[in-house]
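Structures given as structure tokens follow.
Common to both upcoming complexes is chain A, partnered first by chain B, then by chain C.
After this line comes the complex of A and B, so read on.
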């Protein structure tokens, strides 16, 4: 019986010629575009140097800064009054000023000041880049440390970065994109599915058939679940082939958790559908009340730990919050069941809760 | 002609008011979302948790552990007992980094050799990792300097003798406390505006197609341009109202003051909304069902606007082909104009290129929509 329902749904999907290509091409296209675009690494910071000293030391310091990977020199000026105008003209986001007498002061141990002006409108880049510039300048100063004739004492820090040694933001973003694209596609498909039959008046026809409520719902959801599963595999293959991102942990575990996530998003779509009177409302509700909150609050870009406590409580109700921890854990850290069982359990409970509520509401509406 | 347009607009308004749920959602929810997200999103990295694994337990190593305790940037981490425990804490995300002090640390320092410490960083969150690395580097740099002054040449007044060889003084323009909110709120405003504007029109034409009322409109003497204008105007009114609400909320709740001219901001908001409504209508004329309109709208608007508009990720960091794609995202122009007006207090001169592009966008999207409607009607 349910077989017929599934067949009907597939036929309906196929009839909409624009739908299927979008469902399968879009995820890969999105991954490609967004994977290359999502880059927070502070680099290519355009730096203007204002050298008022023109000493060997000022030249050397400028070279040290320029030699680092973070800055792109946009020029050197020798006049303080030109700074504002030149920063605007050369689109510099920072200026380092080497004051007059810098070389002499440095040699005499008089601790010269290096003012560094930075445009703070892009706060993240500004903060990190300022840190780097500071470290370069201070390290340079160490050479002139006036402590007897002994070589300067120091402590070496050897950093070792785990899980993502080159610190590529892309590797952090791609697992998140898997979650995001999956959520968007399945939510869009399911949230309109039920309400559409209602709007077009075909729901009555379904009800008078010998199909049970469960048959109708499963018949509606199974095709979308299958599309979801195909999308998971497609995105994983694309991350591997295009971005060379390998799964550090177990593929099977990741796949199992992805199915669990799918169970949640399909349920959410159904829930939205039962609350809405027409497709327009269903669309508004799923974007504004489900999609956007999950994108902004689940830790996809903005860390959950930074949020105020009241909002953090809200994030516990979002399946995506847990799924993000899981995909990133398995992809980057090779985490296993022992580290991730809590997230998995939370998703299972949420999924059951969402499905039960939407089934109850669906049944009520039918009566 | 004028009469027809007026009738069309009246019909559209009536349709909007007939569904008060949708109207309410369109007017109020965007503002609520701004408030919710505005408080939640931040990219400031604080609360870095660093654990220390002290294999030396000498006075020198204890001093370093102590230094970590007093730095504001770090949340007091725990003392760890074994390398296994350190690795476990990194895998399950309890610690962002672990500092390992080797057993010979104190001895090396006594002997005048350069002692080294190891810092293990969880690189899975790049932002946190690079900030941690920067802080720890700076901290050990200060420490090295102190070693040369206080520890080597002990003086009675301790810190007073401590002067760095170069005094590096950063000064920040426009956003002196480097609050990421100041940077993010303009982008968030644009993001919410785009979504509600595109969603409100994306279904408008296709719904008439799906319900079969399109035939009636086709049979009426209305031209396709009239149809498009009639569908745009009611949503323009609603979106402008909503924009004013959002700007007021941004001003009073997040203290994002508009340092430039308010009328300029409203003017460019109008152009931006017009291009968004145009995109919505274009989507609506291209597809056959509401479901695929919805899918196309989210796929082409929600994610690309979030990631390719410069809202979060700097466009200059993107590879050239992707940068080329960003030129197709209207929010890109609006966000840069908004930041210029709101943060830097720029004038009309610096936002005219953005205004021209947005106007072009509106003309092209609305034009193609009405052409497509025209083609459809001629086929009948």
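After this line comes the complex of A and C, so read on.
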């Protein structure tokens, strides 16, 4: 009997001219959009140079900065008092000040201090840009000192970056997108599809047939699980073809964990539908009560480690928190079962919990 | 008396403080065409949902073919067909696909093959519309498709909740022909309606008002029982004046408004000529009316019953 439900569901999907693009084109579109836009690597940071030294060395340093890909010089000024005004006027995100005596200090083997002013309104870009500028300055300092065959200065700030050696944030984002797209598509489709039957009165008709509650629920969920699986493969293929992102670890393990994540999102969709009377409510509830908390509290946007303890507790209830660790781990680090079993177990427990609650709420009776 | 296939006793359903079904008891004879009547909000839909096991009751019991519906709702599902008020076909599936789906859920043999489905669709007048989307079918035709879907598994009892609401008269007639065919084949049909003319087709009727049963019986028997004297219809421009003075006349047992005309029920034994002469005397200058002796309709009966039940505050059976 469940076969009839699934067949019916696919017939309806096939006939829904608006749904198919949502189901298959939207994931790729989201991937492209976020893959290109969600780029945290600052490039073309507009930089104002305030040269108080006017020495050959200060000029050289300016050229060094200009030569890097990260900065676009918007001009050079020679007076401290003009900084605020000029930053505003030239729309500079940062200003580097070359202090008076910079050249002399270098020649004398003293470490000069380079003050660097940054527009902090975009804190992420600011932090990264500061790092870039610091590196360039240090590199320049080293080169200069070596060239004069003085004993090289020891530079301690030498960070090393693992797993994403190019520190391309896209490589970090795309696995996250797999989680996001899977959640959005399956959660919304499921909650809408179930609520639509309530809204149109066909649910009443289904309840009076010999279909069991499980038949109704799984008849609705299995087609969307299948779509979810297709979406997983689609996103993985697109990530590889478009962004050249390969899976470092086991594809099968990632696939298996993705199914576990689907189990959670489908359950959440069902849960949302038991609280909603019509499709608008289901949509609002999906976005406000599931998607936003999940995006905010899963580590997709803000690192979980940076959250206050009280908020961090909430993140344990987010299936996506675990899935993100898993996708990023398998995609970037090649992590295996031995590192990820705890996350897997957490998702399994959450999934069972969500399903049990929604089954209890989904009674085969009318209110 | 035949065998009773449905026995309802002391059924109660409350929604908060509102009592939707108030201590309702009745029984339905096997193979009969049973009408459940009442205005919108009288509790018909709530009652029928409980009979189908769709909704839990607060008190009372329902037995269908010997099964306790309220305790074992799943067990009656194969034996009943149900067409809800806004019968719910999948509008984005074709007529044939709807039938295949609903038939499939019941494991009905007849709907397994395309030929069988096409035969069923033919029988309800949907020949040539197999591949039309249900959402594109006109109201009357989609109701017949809904009926076909609800009875593809040959249920012993067919529950139809307001099947003809909002359907044109010709289609209504056609629909009732189909229901009659079913009843003649031995299916028990329980139908709710607020069209009183449709109630005349039923073997037995129950009238609900504010959640209670206020009358039951066969249509003709009920008319004889409730309306004892002859009924006359007064129409024309003088009717409204007469209405205002009739109230004080002791020989008028009951009068009620039907659109522009007035129906009066008089003491037993009064003839048309007698009534007319009395009316002419009363009318004074308003002589412009016509009077006719009529057979009381169920509407006369029900208005009478509901009137009495409201004034007495209790059921008159």
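A few points about this structure:
Going forward, the second predicted complex is superposed on the first by the 301 of 367 C-alpha atoms of A that agree within 3 Å, B and C clash if a C-alpha of one lies under 4 Å from a C-alpha of the other, contacts with A are read in each partner's own complex, and residues count from 1 in each chain.
Here, contacts are C-beta pairs under 8 Å (C-beta built on N, C-alpha and C of every residue); 3 or more make two chains touch, one makes a residue touch a chain.
Note that the structure is predicted; figures quoted are calculated from it, not measured.
Once chain A of one complex is fitted onto chain A of the other, the partner contacts of A:59 are absent, as it touches neither chain B nor chain C. Residue contacts after overlaying the shared chain place A:357 against neither chain B nor chain C. Once the two structures are superposed, chain B and chain C can be ranked by residues of chain A touched, with B on top. Legend: residue contacts after superposition of the two complexes on their common chain; A:8 is shown touching chain C, with no touch to chain B. Look at A:16: by the touch rule set out above, it reaches both chain B and chain C.
In the overlay built on the shared chain, the residue A:207 is in contact with chain C alone; chain B does not reach it. When both complexes are overlaid on chain A, the residue A:285 reaches chain B alone and has no touch with chain C.
16, 200 are the residues of chain A that lie in the contact sets of both chain B and chain C, per the superposition on chain A. Chain contact summary for the complex, chain B toward chain A: residues 19, 21-22, 25-26, 29-30, 33, 36-37, 39-47, 90-93, 109, 112, 114-131, 133-138, 140-141, 143-145, 147-149, 151-153, 163-176, 178-180, 182-183, 192, 195-196, 199, 202-203, 207, 210-211, 286-292, 294-296, 298-299, 302-304, 306-308, 312-314, 316-319, 321-322, 325-326, 339, 343-344. Within the complex, the chain A residues that touch chain B are 16-19, 22-23, 26, 30, 33-34, 36-44, 106, 109, 111-128, 130-135, 137-148, 150, 152-165, 167-169, 171-172, 180-181, 184-185, 188-189, 192-193, 196, 199-200, 277-281, 283-285, 287-289, 291-293, 295-297, 301-303, 305-308, 311, 325, 328-329, 332-335, 339. On the chain C side of its complex with chain A, the touching residues are 49, 52-56, 73-74, 77-78, 80, 82, 84-93, 97, 100-102, 104-107.
Residue ranges of chain A in contact with chain C, taken from their complex: 1, 3-4, 7-8, 11-12, 15-16, 200-212, 365-366.
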